[in-house]
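Below, chain A partners chain B and then partners chain C, in two separate complexes.
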Partner chain A sequence: MSLATKTEERSAPGKLAWLFKGDNLFGYLMMAPAIGVLFMFFAYPLFYEVYSSFTDRTVGHAGKFIGLKNYIFLLEDPTYIKAAINTLVYVSCVQIGKFILGLGIALLLQQKLFGRGLWRALVLVPYAMPGFVAYMVWKLIYNPDVGALNIFLNQVGLIDTHIAFLSDGHYAMPAVVIATIWRGFPFWTIMFLAALQAVPKELYEAAAIDGGNAWHRFRHISLPGIRPVILIVFMLSTVSTINSFEAVWLTTGGGPADATLILPVFAYRGLVQFQIGQSAAAALSLMPVILAFVILILRKLKKD
Partner chain B sequence: MKLKISAIAAVAFLAIAMTPAVTAQAATNPALQAEVKALNASGKSYTYWIGLIFSDVANQTASDNIKKWAAAKGIKVDPVMVNQNNLTANITAALTAGTMPDALDIGSGLMLQLGSKNLVNVQSVYDELGQKYGGWNKAALNFNAETYAGKGLGVPFGINGNLINRRLDILAAAKQKRTSPVTWEESLNMAIATKQPGAWGFATGNVGDAESVFGAQLKGYGGRIANDAGTKCTLDTQATRDFLALTMKAYKAGAYASDSVTSDGAWDNNKYLGGKTVFIANPGSVYTTLINGSATWEKNPTLARNTGFSALPGGPVLRVAPSDAWLRAIPKSSKYPELGKDLIRQLAKIGQAKAYYAAAIYGPVLKQYNSFSFWRVSVDPARAGLFDLATNGTSSTFPDTNNAAYAEFGSGFNLSQMVQRYLYGGKSANETIAQAQSTCQAIYDKYNK
Partner chain C sequence: MYRRNLKFSIFKYSILAVVLVFVLFPLYYMVATSFRSQSSMYMNPSFLPVDLQLKNYKSALASKDFIKSLINSLTVAGVATTVAVVFSVMAAYALTILRFKGRDTLGRVIVVAFLTPGALLFIPLAAITANIGMSNSLRGLILVYLSFTVPLGTYLLIGFFKNLVGELEEAARIDGATRLQALWYILLPLIAPGLVSVAILTFTAAWNELLYSLVINISPGVRTLPVAILNLSVADETPLTLIMAYSTIAAAPVMLLYFVGQKFIVEGLQTGAVKG
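Up next is the complex of A and B:
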């Protein structure tokens, strides 16, 4: 027997000794179900999707490993490029809109208003409403024949004809963006409101004594006070908006002529065309961007 | 002693009375008997996916027929209603998870995609039913052609396809002819003459309704998706440009409804039922709704009387009447293929089929079904149209070759997208055709490697 083998034999039980120290084993056993669930419902599907994206798998056919071909195919596909650009535009506009509306209404609801509790509850309605209902309502609002928006714009004299907001390439994206902002801003408002209430009142009093106006108080007290919350909300909401499917699917289906086609809808279309490998690649193609974005936000949070 | 004999006789009688069908079938087919035993021993149910159609009565009839069959076989059954529009997604998930049903209703395109790798060959059942019921109607025979890649993978049970529904009262008021339009151009001119916006109520979005009408129009103008061999895409032709010119004429005249591009599968039905359009293409569900009503629409016999039905118009080159079919198939993953074949035979029986067709919106597949009274124009004009389609219609892909590449091109709504880019996306005819040609060739190349 060589010296090396002897050493291995001696050190093997020693290596596992830490497991039996104190409550270690019990602790790991308690964690095992949670780890199992995470693996089953998160890690396994993710790895399976990553693997599928490197295959030519279609419905009913397991396919074979084809390396980066799916990704190369996507980069050469003008529809994918359009979907990627649309996604960038859609997410940017929606996030800016949610931030402005969310923060503005949070600041308003922080003031001493009549029926403030009721307003705070009402602002949650769009967020509490099922997405399907919310977007079908918006589809009705935008309807060129009987939609409330067309009727309103006609009555106030802003337009003299009916506009097909969701069917016109120029209006479709702004229309979907507005509907998405409306549905999502309450989350921002509530988070900002909670954060604003945690900012010490003494700071505002001190600023008032020093002659600071409302803008100064907002710029130098409120904004820095809620900065960590802004970053967290921004991160969570951006990730969820990038993966947003129902807003576009229920209102325009990605049309007209791909004017509102975003990557989740593009991936879904691939799936109904039986292209599992290509769809997986499309769905994962933004993963590096999302990861970079999350890492950037987390670093900023750490610095703060 | 007397009591004992009576008791034994009673038990024997009960045993015989409770299992008549099983023993009768089992005597003729040992494999079937073995499957019945195995299924019962497993304690599981036989699963069948029914493709939901726009008739609750038909869906329920299908489910009841399957339950009756299972009761006669002495097995448990689970008929699951699956939205036809979600079938691809459901099958994708079921294949991955290993939870495919034992048998199912399936569209021809998806059947081709699954292919012989995933589906049991049921050619023997197809042949047997053809012999038993006087042969197959023309549209169902398309699935038996030697050149058809899906031959033997499913048994057709319903022929579907579009008919033109048109508003006779509105057209009369606009001094238009009462007879059906012969060409697409003529129907468009009639729609424009009514001066009603959106009178040409065809969808232009990413839906099957749009894809099928655009397909028929393209072929009417002499266009083809691919060559005879089914290998090379042939969209970049003058015929495609002529077809696009027709759509642009309709668009500029306001004949397409302003929300036609955000349409879903029920969009054109609702437009017509709501009196908002003059022409639609529909497989018969609108007429059924007008006569019977539905959860969302009340009966409307007046509109039914004011509706004319006709085959799809043609173009300057060709007139096609695309007929497709829904088929019954057995996944290879099923442990009970003989039970599946037996169920297909059972559902094809005259009584079962008559009850189903009376409520469903399908044309007949077998010649002995042709004698059902509801195929007559005087009884039901929409079903008469479906009967005409089943007995005289062309194949769904005619004159193109029906293969998996064609199915994938269609399921991606690539014709609709070509039109959308031209009408709504500001692309020129050349640009949008070039993009469609490129997408199409990539799909065909994949299957011809």
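Up next is the complex of A and C:
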């Protein structure tokens, strides 16, 4: 190699030399569109939101820095506290319901059944139906005058009046929870079915020889076998359930008297009233919980 | 033993019947109601389709606003999906095959973006689209939809690419521009099922999206289906049966897509969550 080329190599790219090593440049080029999207519509909005939450920004008004006032205001606002508690209750009930229904139906569809393939496809229906459609239908089912649930309960004689499920403080939350479970459980069933199929058959055969009963097989073979899937499905589904804006907004709008008000709806109401700073703080208050789940999921995925 | 089996069978099929009624009733109810008239709902309360007529569908198809929102939804979901599939293939390819500085960090950022719910970001996204003058435009909504379609697509495709271990190593050994050819001619055909499931899942995610379109596209001309349906109820007037007809039409394309592509969707969901 001549001296000339040697100096050229050393001086030309200088600090950027690493860019041309290995796949670096090609890698960044291929990632560029995705990075662009992530920057514009993920990183920047997140930064914008965190910044806004420390200002008294409203729509059409940039606002000024007010420190933690938005957060303090929220903590002193009984409606916010109610929304936070409702979110916790709502998400917990929905997740318990989805787990029980998702696993139960997976175990049922795991059995030898006539037409099993068809049943497995039909169980996907709630998940295939768009959320906004599903919740409009559930709103009609719960309708006090003409809804199917009232008609049914009256016909079988369980009630002789009409219950306004969605505008009665006692029933509204359970009603929304049931609708959300209906829409979300098939994801759990699909995942559990696949996981159950991956459990080695020999384990069941061995248990049969040892004389274990069905409960025994479930408790000591099926359940441990699908444990990793239960965890990841639980975490993924919890993050998206915290996001259940439409389930509540389309059925009750957060009512009656805030009985079903959850944080995303609370934040949305704030935005509709042009309070960017305050509603940003409200939305961001979900962040610690979501972040905790995200970190758990990242760890889990890394292990796999 | 035989009797026990019979009992167990009866038990199994009874549970199955209850499950199917619970699972399928809302779908049936939506379609049945969509064929009824508003007045008969009140005069003859029933969840059976007691009067079959096409009035609601006729008025849906005659409504310019509804047709417009149908086209808007198709445009937004279609473009957001196409762009997302291209961007996701590039990103997932880079994240699984290429070795470059910061790859793992970028991979993690994709997962975090995929997991971040819209309820967290709708406020700044609404403000930003307004600031750049893109509120109430299909372009603005498409751009915002990329914020979830691209991470979703990339995350799922990473799973599909990872399943091709052997081919990946081979493709990684090829150098330079021929790598793009290897991606195009060797890898893409192999992950074709993955592309189908990503396309279906991103399309439905965009089609079903409500919150962003509610805070970004509210003018009559640029509404997508969910917002159009929500706007059918004016004050105390809720045209229940008409809403069900609109809903049936809105649900039909994605539900058909689900059943035609059921195999791909199940595979996509499982690849994403279990192996990803």
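Note that the second predicted complex is superposed on the first by the 273 of 304 C-alpha atoms of A that agree within 3 Å, B and C clash if a C-alpha of one lies under 4 Å from a C-alpha of the other, contacts with A are read in each partner's own complex, and residues count from 1 in each chain.
Just so it is clear, contacts are C-beta pairs under 8 Å (C-beta built on N, C-alpha and C of every residue); 3 or more make two chains touch, one makes a residue touch a chain.
If you're wondering where the values come from, they're calculated on a predicted model, not measured in any experiment.
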When chain B and chain C are modelled together on chain A, clash or fit: clash
Chain touching more of chain A, residue-wise (chain B, chain C): C
Partner chain(s) touched by A:Ile242 [first = chain B, second = chain C, both, neither]: second
Touched partner set for A:Ala280, first chain B, second chain C, both or neither: second
Partner chain(s) touched by A:Ala259 [first = chain B, second = chain C, both, neither]: first
Chain B versus chain C as contact partner of A:Pro78, first or second or both or neither: first
Chain B versus chain C as contact partner of A:Leu271, first or second or both or neither: both
First, second, both or neither for A:Ile66, with chain B first and chain C second: neither
Which superposed partner A:Leu107 touches (first chain B, second chain C, both, neither): neither
Chain B versus chain C as contact partner of A:Asp145, first or second or both or neither: both
On chain A, the residue positions that both chain B and chain C contact, one per complex: 59, 143, 145, 271, 276
Contact footprint of chain A on chain C as seen in their complex: 12-13, 15-16, 19-20, 22-27, 29-30, 33, 41-42, 45-47, 86-88, 90-91, 93-95, 98-101, 103, 106, 108-113, 115-128, 130, 143-144, 146-147, 150-151, 154, 179, 204, 207-208, 210-211, 214-215, 225-226, 229-230, 240, 243-244, 247, 250-251, 254-255, 258-259, 262, 265-266, 269-270, 273-276
Chain A partner contacts - residues on chain B that touch it in the complex: 88-89, 91-92, 95, 110, 113-115, 117-118, 205-206, 258-262, 264, 276, 408, 411-412, 417, 420-421, 423-427, 435, 439, 442
Residues on chain A engaged by chain C in the complex (per definition of touch): 18, 22-24, 26-28, 30-31, 33-35, 37-38, 40-42, 44-46, 48-49, 52, 59, 105, 108, 111, 113, 119, 121-134, 136-138, 140-141, 143, 145-146, 148, 151-152, 182, 187, 190-191, 194-195, 229, 232-233, 236, 239-240, 242-243, 245-246, 249-250, 263-264, 267-268, 271, 276, 279-280, 283-284, 286-287, 290, 293-294, 297-298, 301, 304
Interface residues, chain A side, partner chain B - complex: 58-61, 73, 78-79, 139, 143-145, 162, 164, 166-169, 251-259, 269, 271-274, 276
